[in-house]
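You will see chain A twice below: alongside chain B first, and alongside chain C after that.
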Partner chain A sequence: METISFTSQLFQYLITGLTVGSVYAMVAVGFNIIYNVTEIINFAQGEFVMLGGLIMVFFHVGMALPLVLAFPATVILVTLVGILLDRLAISPIRQPSVLTLIIATIAASILIKGIAMFIWGKDPFDLPAFSGRNPITVMGAVIQPQYFWVIGFLIVVVIALSIFFDRTIIGKAMSACADNADAAKLVGINVKQMILLSFALSAAIGAVAGVTMTPISLMEYDRGAMLAVKGFGAAILGGLGSFPGAILGGLIMGAIESFGAGLVSSGYKDAFALIVLLAVLFFKPSGILGDIEISKIKRF
Partner chain B sequence: MILKRITILITICLFSIGLLISCAEKPPEPKKTYKVGALFSVTGRTSFLGDPEKKTAEMIAEQINAAGGINGHNLELIVYDTEGDATKANLALKKLITQDKVSVVIGPSLSGTSLAVLPLAEQHEIPLISCAASYKIVHNEKTGKPYKWVFKTPQTDTMAVEAIYRRLKSYGLNYIAIMSVTTGFGASGRGELLRLAPKYGMNIIADEKYGPKDTDMTAQLTKIKGIGPQAIINWSVGPTQVTVLRNRSDLGMANILFFQSHGFGSRKNIELAAGAAEGVLAPLGACNIAELLTAYDVQRDVAMKYMQDYKTKYNEPLSSFGGHAWDAMYMVINALTEIGDDKVKIRDYLENNIKGFVGQHGVFNYSADDHNGLTDKAFAMVIVKDGDWSLAD
Partner chain C sequence: MLQIAKLPIAIFAALIITFPWMAHQIPVIDHYADIMVFVGIYCLITIGLSLLMGYAGQISVGHAAFFGIGAYVSGILTTNYGLNPWICMIIAMLITAVIALLVGAPSLKLKGHYLAMATLAFGIIIFIIFNEEIEWTGGPDGMPGIPGLSLFGFKFDSVDKYYYLVWAFVLAAFIFTANIIQSDAGRALRAIHTSEPAASAMGVDIAKFKIIVFVYSAVLASLAGSLYAHYLNFINPSTFDLFFSIKLLIMIALGGMHNIWGAIIGALLITFLSYEWLHYFEEFEVIVYGAILLLVTIFLPNGLVGVPEMLKSWVRRKN
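== the complex of A and B ==
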């Protein structure tokens, strides 16, 4: 009987936790982009991930498009869904309060889930792994090649976003909306367009998360809500609105779940992450990297 | 002005639609329609149960009506979606009883919803044939006997667990790890696994759990790998049972004997596991393995016919859950054929005359003490071989 040493076990928990955490982190980043510009929590964020996975299955498996074509096609299509979400559900609301907008996103998430159920049915779908399914063994722990893709894409997303927000005019304009929408309007920034852009951007990131996670965990129409909850937890843990916080929060959530399941009890896996979340909020209400001064100004 | 015209126009339209509908209505049937109600979780998280059940029941009703109905009576099937929700199931059953006035009810699909509607069926004295697993549906704790008006078709968890434990015993293995999903199905299976372990001399050395929407069970499996059991038994339904298999094969644990529950009965699972299901064992009912049954098997004919009809009509692989609805539907049809649509007579017929009923999931023998009517012969131990089921002997 082949067994596994304790250090290898620990390493395995860490790898698994970081992979799962990367997906949470990408969802959390999506939450933050929209939150920063509009101060709303987009509860349809998980649906973008679900759509990313299922549309990728359609292009890559259904239409047999090669990976390099199917991937961008999927991201573009999901981005369009994000744009439609803003145009049809968010921007037509006449007197937007944070609460009505959040309720609109909840309605949108139910609608998207329902449409996905009609298109794809209720069965889970599989996607071939990007570079095969032959696992690599490192220090006795087993690593799927797909894990590298998930973590790799998280890094790409982080770098791309930081360049976008720090180096480009549009990115800076978006950051300005985040800091103060009224002042941004006064200096001539089209806030409505920035909101549209924020939805497009977070839909695209959601799609990337969905595409990369589907070969590991399959994808079905009602996966979105759970991912949104975990991603939201990660965003809060790291500090709502902070990008490094979102990534840190996601990875911590994933690692706690994995270590909790492996070392303590798998039945209370979700509880561990929530206990840590509550503890952090108790000692630092703005999250690990959140700024308490900023969070006082925000309406939500 | 324009508004008024539009209002008039709409009114006219509505009237004409109403007229058309009333014209389109068929002239009354010469014989009374037999009404059968059904409660399935067609949508929601447990739609993988309710969806094939609804499709199966509708297919059978269509076939019966196309062949001239039951003794000339048309069969009307009224299906309500419970969404797996106890409150909705309760309301739907009330509606079936008071408004639709059905004479017998099939479903619900889940143990939870079945237990929730059970008192209502007893109170209104309407026969109900549940399509859910739990033993408690047909076992009144207070009297130690079945509830008077409630029957069920699926095998119980107990039978599946016993089938697995007997198999392990025959291999001489007794150090086992169990994994279960934290839903009603998983918890109930886990309970039976723990309860029956001493009886079969099994030592459960790991007891791991995961959520129904979890995306990765590597952590749980790594822990099990560290303990090193002789066999792993996994109790879940839906995508998690596929993820477990993949994680297991990634971790290089394919050499440890692996059992799935009777919820593994869909070829789709083998397909989705992408090779990781090879060598996995599961106790399954006849309808999953119709082609494997020998010509002498009494269930072969019904199982083959159901499988072909279902595939032709819906163009999707058969799921074992639809078979539970098949069994319930044909019991009801037999009863209606023999004694008509009187509720009391249907109940008595089910209890006294369902003897040697050849169904999809076994040969049923209902009696006053047994409203499930199956023995553990209702399961065949099946192994995945070359991407398909095969009998494990």
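== the complex of A and C ==
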């Protein structure tokens, strides 16, 4: 057994942290899309990630579909779940208040979790890595090829979203809803459709996160809640509503968790991210890149 | 619903007093007195939560943690240090009050979703601590040997005796909370729920009121936890997980969060569902809970206590 030097160990934690952080960043982006359009925090955000992983296992392992087919099929299916979530749980609420909307997304989240347990059972599932499992050694740190896929897909998601919001009419309409829903309605934007679209988009990104992370950390039915809280922590850390903030928050969150688990205590691995979340809420609720003035305008 | 009628309280108290006797007459429901002890314990939590949600308009997804802190402080102090259980109960409530103040104060100054997420994160952290601090809590295996309760030599050592003890606490908490609702503070809380800017313009210190209600609800949950620990004589972390916090939420939503009676009805129904009627579903009961919560949120925004009002307005529209 060769001894690993302390620096390469630190490097290892950093790489692992950035990979996990990319997943949190994608969850955080999903939170922001829905929050910006509807001002709802979707507590079921983590369930999209869980469904992404498990549905991918069904298509890719169960039905032996090739990766290039299984991946988009999974994203489409989870997107449908996102649309159903809006249609069945959010839009039927007649007197929407922050309280009832939170409760509706919590209800949806345990419902989805229960159905996933019904379909897949309680055991975790593995997914073959996209390009094999032969690790690369850099500076003494062992890097799985899948790490690059996770980080790569975060970059793809970010680029695709910035093109969508800056260059397309629908994207601009969504941003308009985010700025001022009433004004958006006045200029003829169908706000209900934009809300539906925000759930669809956010579900799709959650699915991408789930599909890419499953080969590294497996996936089981009850992973959603923890992913949602950590993703929300990332969104808050970066500044709720800010997309660059979500990326930055996610990566920092992942790194803190990885260093915390490696250097302090692995039993408290899940607690570090949550402590960061509480600390941000207490000391700087606007986050790193958030704007406290904007958060005052928001209804909720 | 600012006025709380006295007659229903008297009828309810009479029902509660005679229930164990009635249950023992019918063999099939003989064990219902035992379940009613748990209903009482959960009622203590939901009464506080209903004040927080229905009257202050705030949501907590972490009350399982306060329930757990009460149970574990009582458990640790009585078994490891041999302290008097009643003193431990009070210490637990004080500790919970301080923790609730620390968690609640910063997030209640913010709007909307923040308390929900802060309490969710807090609840998970506390759950991890219960599992990890094995020296203190016994870890996932739990903590056996917690003594029962006695007062001036009278031992609460049977189901019926404990039943009356727990329900005496529930009645006290109910009346105390009802008095808060009917006082100036209650009006201030309703005002906060209706419109924060308006309440604040009328000189209501919004943040202060919300924090007081949050701490009060946490202390009640802690008391419930202590009573739970001394009744079962054994606790383990899984009782205090995130799902329990959500179950509390379902109790409040099902009963109706704008009415203190909703807290009682919700706790009663959900406890009997989970202890008696949902065995058939085994672990898939979570689907049932999710469906109940979603349907109630969409179709019964005021919970079961709001049903008579809904029917009345429906009949009026028909005519």
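General observations
Assume the second predicted complex is superposed on the first by the 278 of 300 C-alpha atoms of A that agree within 3 Å, B and C clash if a C-alpha of one lies under 4 Å from a C-alpha of the other, contacts with A are read in each partner's own complex, and residues count from 1 in each chain.
Here, contacts are C-beta pairs under 8 Å (C-beta built on N, C-alpha and C of every residue); 3 or more make two chains touch, one makes a residue touch a chain.
Quick caveat, the model's predicted, so the values are computed rather than measured.
When both complexes are overlaid on chain A, the residue A:266 reaches chain B alone and has no touch with chain C. Of the two partner chains, chain B is the only one touched by A:126; chain C is not. Of the two partner chains placed by superposition, only chain C is touched by A:233; chain B is not. By the touch criterion defined above, A:16 reaches chain B but does not reach chain C. Judged by the touch definition given at the top, the superposed model places A:117 against both chain B and chain C.
In the superposition on chain A, A:281 contacts chain C only, with no contact to chain B.
Comparing the two complexes, residues 117, 226, 265, 267, 270 of chain A contact chain B in one case and chain C in the other. Taken in their complex, chain A has these residues touching chain C: 41, 43, 88-89, 92-95, 97-100, 102-104, 106-115, 117-118, 225-226, 229, 232-233, 236, 265, 267-268, 270-271, 274-275, 277-278, 281-283, 285, 298-300. Interface of chain A with chain B (complex): residues 1-6, 9, 12-13, 16-17, 19-20, 23, 117, 122-124, 126, 133, 135, 137, 141-142, 144, 213, 216-218, 220, 222-223, 226, 257-259, 261-263, 265-267, 269-270.
Within the complex, the chain C residues that touch chain A are 53, 57, 59, 61, 103, 106-107, 110-114, 116-118, 120-122, 124-125, 128-129, 131-132, 242-243, 246, 249, 253, 257, 283-284, 286-287, 289-291, 293-294, 297-298, 301. The residues of chain B lying in touch with chain A in their complex are 43, 45, 47-48, 51, 182, 208-211, 213-216, 218-220, 222-223, 225-228, 230, 238-239, 242-243, 246, 250-252, 255-256, 268, 271-272, 274.
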